[in-house]
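As written, the chain order gives the labels A, B, C and D, with residue 1 at the start of each chain.
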Amino acid sequence: MADPMKIRATVQGDVADVRVLMAHPMETGQRKDAAGKIVPLHFIQTITAQLNGKTVFNADVSQAVSRNPVFAFKVKGAKAGDKLSITWQDNKGDKRADEVVIGAGS
Amino acid sequence: MRLACAGLLAAAAALLASCAAPTRDYQPDALAMMKRDFHARGSAGMDRLNEDSVQAACNKSQDNPPQEVAAKLEKEQFAAIKWPADGKLTGDWKAGERIAQNGRGMAWNDKAGEGGSCYNCHQVGPGESSFGTVGPSLYQFAKKRGYGMDIQRYAYGKIYNAKAYNLCSQMPRFGHVKALTEQQMKDLTALLMDPASPVNQ
Amino acid sequence: MHDTRRTVLKGVWAIGALASAVAAGLLSPGRVFAAWNKSAFEAKSTIDAMKSLGFGNAEDSKAIEIRAPDIAENGAVVPIDITSAIPGTTSISVFIEKNPFPYTGTFDVSQGALPYVHLRVKIGESSQVRVVVAAGGKHYMAAKEVKVTIGGCGG
Amino acid sequence: MKQALVLGIVAAVAWLPAAAQTADPTAAEFDKFRAIMEQDNPAELFEVKGEELWRARRGPKNASLEQCDLGLGAGVVKGAYAQMPRYFADADRVMDVEARIVHCMMTLQGFKYEELAKQPFSNETRTPEPVSLVTYVAAQSRGMKLASPQNHPKERDAYETGKAIFHYRAGAFDFSCASCHGVDDKRIRTQPLPNFTKPEQAILAVRGWPGYRMTGGLMHTLQWRLNDCYRQQRFPEPGYVSETLSALLTYVTVNANGQVYRGPGIKR
């Protein structure tokens, strides 16, 4: 199973600043391994974020996203204590979902 | 004395230089430790830990050997330069540019005779913005110095053995240690000397 | 996009798989109609990818801010910040023109996110990074060049 | 004779002073984005992994590392990294963080050195456990001042031996560590080369390590950094967590003592 994401979500006013780190090889299908064999395509394709269960952000991405992806986005209408969950799915059907409670900003 | 220094180290790092004067020469300890801890790998044998005469003179003097020692060793190094038998010091500058760009060669996972690593330390051609500054810029090398045989000979000789000119130079001795072939050194000389080379534009 | 949707809706197994994905919480109902656009992602040029996405008539806009390095320290990880000041922005799409497959992704901000995204991408050689923003049924674009250099010993 | 004369003239014109090293625009451009990169650093993923590994019962002895003494007493992780390398009486040598963690994995958990040293560096398919553990331990000294001790005679010997190793020129290219890291304001290709003999620059040898390296997207420790420096120095290979590397790390860390460690970093 995939390793957990690291999600940071803090609110400023009514906007949550969300930053997420994902553990994923994001193989381009062009890299060769030590034995000279092509490593097959393996990458995250879709990302969905939900605020208290309601979808607020979607992304479709390609293998050009860097290994161990980093994304940041801003969610409207959020307050401290709300639940923010993020889900990704890759081209092999592997998926990972993690949730955090939004913290108060500085 | 040493204890006082150790206390100062933590308190005021700026005093480090004055405190760090060792009570004895640690180089034998250092070499013994390295010989115990290192192992041969690929093309890099344990013999590489041993100093040759040039390295020894520079290590002993913090790269500042007495004038007469430097002059004698530089002369020896110069005498050991093998000049091309055909008398021609330049080859193809385009091949030279590729050699200058290539940073491989002589490491434990490399073969010999791969690249000259020139751009690691020098600005060379104007088209490459990713160049190091450990060595001086070589841009317009011959345009500034002239295209004559003396400069050609200097360029080839310096690539072959930089220590023949400046004993404790940080530049490798590419010909002396057979990191580059005669043809490769000719190509690099052409990169610096050919009036058509981008270096001289 | 239409190809993929048709495939999804054609076979019973596909509908079943989709339904279970929704049930598993993997896909929210909100994203069912935005299936991963295979033909755009596999296009070898920005123009072809934009055609697949229906972005053919995008016009230049100064209201799209792309913050990315002029020279990337490492092409394997190039940070890009994109902010759209175009009213009614619904999505932000990114194309790295010199990559083998330029289309890098679309970020849908229409359901409760601000028109902003930060991502990090691989850029194989110096390239224009093109951004297309969808707003009010129209498309707008801007571009920024990122140079990629050799950083270390090269060995 | 004539040869020498020609050489003299050439030498006089050959090395024009390097172009005045004003602010390097390329480096400035990198710096502009460094803060962004550090704010969201994939190194954190390995920090989390390392903490799990620290607490997990593992190895032939099925023990956790929670009894490992990193110098501040068994199990004390907070602040330990900022006070390493240091002398450990039970091993009778100076150890850097990775050497110490490997020592604990051997003594507490029963792992064998040969197994741990076989493939000690991260690659695309595997991040060795000590790498994640070092990342976790280092992160627990975030924001603290470096204070690698120089009290025990062996700590002072390690500093002086490390200094001698740092300056020792040998190998196919006549390089020492100081060839690249002994002068100010130089760079290799576009990569700046800090002068580790100076306190204010020595911190750059410590800061940012362990580091998430953008090349390959791999987590690496200073053991890897020094190993790869020696490869590029055209030397034979230094032993994993050997005393030579602990001595070198003592030299540069003590030079940086008093300066703030900012936690695991991100590297080109």
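Going forward, a contact is a pair of C-beta atoms (placed from the backbone, for glycine too) under 8 Å apart; a residue touches a chain by one contact, two chains touch by 3 or more.
None of these values were measured; they are calculated from a predicted model.
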Exercise. Mind listing the chains that sit against chain A and also against chain D?
Key: C
Exercise. Between B-D and C-D, name the chain pair that shares the greater number of C-beta pairs in contact.
Key: B-D
Quiz item: What whole-Å value do you get for the distance between chain B and chain D if each is reduced to the mean of its CA atoms?
Solution: 25
Quiz item: Using mean CA coordinates as chain centres, what's the chain C-chain D distance in Å?
Solution: 38
Quiz item: Where the centres are mean C-alpha positions, what is the separation of chain A from chain B, in Å?
Solution: 47
Self-check item: Residues of chain A whose C-beta touches two or more other chains
Solution: 19, 66-67, 70, 72
Quiz item: If you look at chain B, which of its residues touch at least two other chains?
Solution: 107, 119-120, 129-130
Quiz item: Residues of chain C touching 2+ other chains?
Solution: 71, 76-77, 118, 149-151, 153-155
Quiz item: What part of chain B is in contact with chain D in the complex they form?
Solution: 2, 6, 9-14, 16, 20, 22, 26-27, 29-31, 33-34, 36-41, 44-46, 48-51, 54-55, 58-59, 62, 78, 106-109, 119-121, 129-134, 136-137, 144-145, 150-151, 153-154, 158, 163, 165-166, 170, 172-173, 177, 179
Quiz prompt | Interface residues, chain C side, partner chain D - complex | solution = 69-71, 73-74, 76-77, 79, 81, 118, 149-155
Quiz item: Which of the residues in chain D come into contact with chain C in the complex?
Solution: 26, 29-30, 32-33, 36-37, 40, 188-191, 214-217, 232, 268
Practice problem: Give every residue of chain C touching chain A within the complex, in rising order. | Solution: 25-31, 34, 36-37, 41, 76-78, 96, 99-101, 103-109, 111-114, 116-123
Quiz item: chain B touches which residues of chain D in the complex?
Solution: 3, 6-7, 10-11, 13-16, 18-19, 21, 26, 147, 149-151, 156-157, 159-161, 163-165, 167-176, 179-180, 185-190, 193, 199, 231-232, 234-239, 242-245, 247, 254-259
